[in-house]
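Across the two complexes that follow, subunit A remains constant while its partner is subunit B and subsequently subunit C.
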Partner chain A sequence: MITAGIDMGSKTIKVVILKDGEIIGKSIELAGFESREAAEKAFAGALEAAGIAQGDIEKTTATGAGRKNAPYTEHEVTEVGSDARGVRELYPNARTVLDVGAEEGRAIRTTDEGKVLDFALNEKCAAGAGAFTESMSRALEVPIEELGPLSLQSDASIPMNAQCAVFAESEVVTLVHAKTPKQDIARAVHDAIASRIVSLARKVGFEPDVVLIGGVAYNTGFVDSLERALETKIIIPEDPEFVGAYGAAIIAAEGL
Partner chain B sequence: MSTKALYKTEPLKLWGKAKELRQNYYRDYAEAHEKGGIRWAGGAWTLGALTAGLGDDVHCITSEPYAASIAADKKFSMRCLEATEKAGYARDLCSYMRNYWGSIILNEYAFGGPFPKPDFLWQDHICCSHSKWYQVVSDLEGGIPYFSIDVSVGPYENIKGLNDPKIDYLVGQMHDGIEWLEKTTGRTYDDEKLIKAVNDECRGTSAWADVCALNKAIPAPLEEKTMYSLYVLGTLMKHYQVCADFYEELRDEVQYRVDNQIAAIANEQCRLMSDTQPPWGFLSLFRYLEQFGAISVGSLYTFGLIGIWEVKPDGTWGGRTTPEQAGIEIKDRDHALRIYADWNLSKPEWQHFYSPHLKTEMMIRIAKEWKLDGVMLHYNRGCEGLSIGIAENRLGLIEAGYPVMTYEGNMGDEREFDLTKTMARVDAFMETLGYKK
Partner chain C sequence: MKAHYGYKDGAGDFFIIIDTDNCIECADHPCIPACPESVLEIIEDDYEDMVCAVTMDHRKKIKYSCAPCKPDRDRPPLLCVTACPKNALEHLW
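Our next item is the complex of A and B:
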């Protein structure tokens, strides 16, 4: 049985293809302005990796903010549902899922049976999502992939008070002018975004095991800040940004 | 499938009449001066029956529902909000207040023509925004006479009997208020008209509670979007005879719907309640719920802002027994004011200004008696008064076993609400509850 899951995220589109429960292909593309074309490209990439044709896929489930625009799809599931299902498969002992993507941060609490008990999402403000760190990396003139390692060099604690990404950038500029070392500012940025995510986690009443997924899970500085704030070790899957698509592919298989 | 019709449904017969009463209300207020009448303005919670003693040609405009009407008209609302901000008022103040002030500043009435300037302002201090609201209105309108009654006497459960000092505190202010009304308008006060208005308000607000109680039935005869258009009459004119008569007529029709299993939505499968004012420009959110077979059967806000309730002998909530039903004949002004103070202070929505726990208790009662599957809470940035403690209510509801979805928004400022994201939350909430489109 071959199924596919497609995660139509706001910044990237991820496709995972499963054969009898095993991942045989996956691909990621920037969503851009033409998300459907990007999705088709991501699909083609995953098919090529799997060495199969589109016609071999029995069912596809879409998730993500743009899921209504997904190609080749018979079924939809929300990000909350696909995240929870994907993490459940990877880590059966997980009870809290934190997903920090480009535009949205979310916390999901699950029962022992894997059912979603509660969830919380960040609001309109980007201060709880990856877009916030990207904005701050621009302000610091540090490539986004270097922001995490840079912040790990710091042990300073500088509070950033602004809830809003725009005002936070203003705070960063102030710190830059105050000759604050870049590594300290980088850590302050990660502490700030972590505090937003911790707020969501506490809202759903987090309990271990805690699994972090989404593209921001690659940011080691953010993970460090999050672990300090939650005072718990966080599990990060091998491909954290693919877990939503993986969950969607499992749900597709379960629907057959 | 959630779209499958499980119950029969039909439009509410009294819908047109409700609409007509509302239109007449705003027209009569605007045209009052042409007929030699008096206009006054105040909040929806104000002790309006006291103004009835001035005569039958006294017309009011209540601020919150008027502002909600503005909010439903997004273009006009935006102009009102911007006019208020341009005048120097902060954007994080009560959005009803900002819409209302904007209408005055622009001198545009939401129902056409210039804003009809009231002759006096008659208010009560239910929250910090209401305390200042009409002080600013008076200033904006060049110094309109303004009287306000302080109602902050604590929750009703602490009031024991009619001789309680808390009742005296209100009654004393109301006596002063009547003297002020006579002096301000130059009219002679008629206590018989006051007594009639008090009885009418008790009759109407109890009947509205009865209407809401009928929504315990499965299928629910009313859904909340419709209820907003019905309860609004109480927020506009709860002391008018026409309002009390309407709610009694409505109670009969809703009882008929219950007896004949006429549903508000044909595919009812999931029963929810909301809380606080909705984002008025986006009531389509409630229609979206219906795609999942979900219905919002009401809220403490819809039930308890106007409805006056009591615990019935079987332990359930129902409309409070009116003085007339209890065989009490109001003898004089003081007697009327005492009954009126006691009646209004028992309003459910007043209680949670004092403690979120009182609100949680009432919400859990509703969740149980109205047989709910979940709760949808609006973290309403536009109203500090009704949103205070709402996160505490969420915890209480979850502890009681009710799934809760929250969304941020604003009842009267569309810039603080995101319909698409909120619908995405509904998708996730419905999915967790096991309902599909």
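Our next item is the complex of A and C:
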């Protein structure tokens, strides 16, 4: 049985193709302005990786904020549903899922059976997510992929007050002018984002095991901030940004 | 399931919490016509139950969407909360 999951995120579109429960192809594309075109491209990439044709896919389930716009799709699930299902498959002992993407953050608590018990979404501008780190890396003039390792060099705690990316950027500029070491600013940026995600996690009453997914999970500095704030070890899957699409592909297979 | 929709920013924590298990047995969904700003909608959730949710459009601006119901002084009971026969709606601010 071959199914696909497509995650129409705000910044990137991910496609995962499953054959009898195994991933045989996956692909990611920037959403850009033409998300449908980007989705078709992501699909084509995953098909090529899998070495199959579109007609071989028996069912496709879409998830993500733009799921209504997904091509080749017969079925939709919310991001909460697909995240929970994907994580359940990878880590049956997971009870809390944190998904931090480009423009939103999510906390989900599940039952022992994997059913969603509580969830909290923060969908306000870039104030809890990846776009925030991107604008901060610009303000610091540090490439985004270096922001995480840089912040790990710091053990200073500088509180950042701004909750919004625009104001935080000017706060960072002020710290730069005050000759605050860049690693301390980088850590402050990650601590600020982590505190918002922790506030979501507390809303759902998080319990271990905690799994972090979404593109921001690649940022080691953010993960360190989150682990310190939650006082718990966090599990990161191998491909954290594909877990939603993976969950959607599993849900498609279960619906056949 | 407890669903939290909204956001936290420098001004505070602006979330609507919906205990959606209550919505499953709610036949008429009176919260929907009660809301003058069309903040709420009925959706089919991932377990194929029809439940109340905050619309995508309002999630990012919920503080402002609900502002007409929440004057600074002498705030009256919220129309959505009053309309809900199952006590399923809670506002955090």
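Brief remarks follow.
Convention: the second predicted complex is superposed on the first by the 254 of 256 C-alpha atoms of A that agree within 3 Å, B and C clash if a C-alpha of one lies under 4 Å from a C-alpha of the other, contacts with A are read in each partner's own complex, and residues count from 1 in each chain.
Methods note: a residue touches a chain if its C-beta (ideal position, glycine included) is under 8 Å from a C-beta of that chain, and two chains touch if they have at least 3 such contacts.
These numbers come from a predicted model, not from an experiment.
Taken together in the superposed arrangement on subunit A, subunit B and subunit C clash.
When the shared chain is aligned, subunit B comes close enough to touch A:Glu79, but subunit C does not.
Set against each other, subunit B and subunit C differ in how many residues of subunit A they touch, and the higher count belongs to C.
In the superposition on chain A, A:Ser199 makes contact with subunit C only, not with subunit B. Of the two partner chains placed around the shared chain by superposition, neither subunit B nor subunit C is touched by A:Glu169. Of the two partner chains, neither subunit B nor subunit C is touched by A:Glu241.
Shared-chain residue A:Glu123: touches subunit B and subunit C both. In the superposition on chain A, no contact is made by A:Asp184 with either subunit B or subunit C. Within the three-chain superposition, the subunit B stretch that clashes with subunit C turns out to be 416-424, the only such case among 38-46, 182-190 or 416-424.
Note: residues 65, 77-78, 80-81, 115-121, 123-124 of subunit A belong to the subunit B contact set and to the subunit C contact set alike, using the contact criterion stated above. Against subunit A, in their complex, subunit C makes its touches with residues 1-10, 13, 15, 45-47, 56, 59-60. Only residues 398, 403-404, 406, 408, 416, 418, 421, 424-425, 427-428, 431-432 of subunit B touch subunit A when the two sit together in their complex.
Those residues of subunit A whose C-beta lies close enough to touch subunit B in the complex are 65, 77-81, 115-121, 123-124. Of all residues in subunit A, those touching subunit C in their complex are 65, 77-78, 80-81, 115-125, 127-128, 161-164, 167, 196, 199-200, 203-204.
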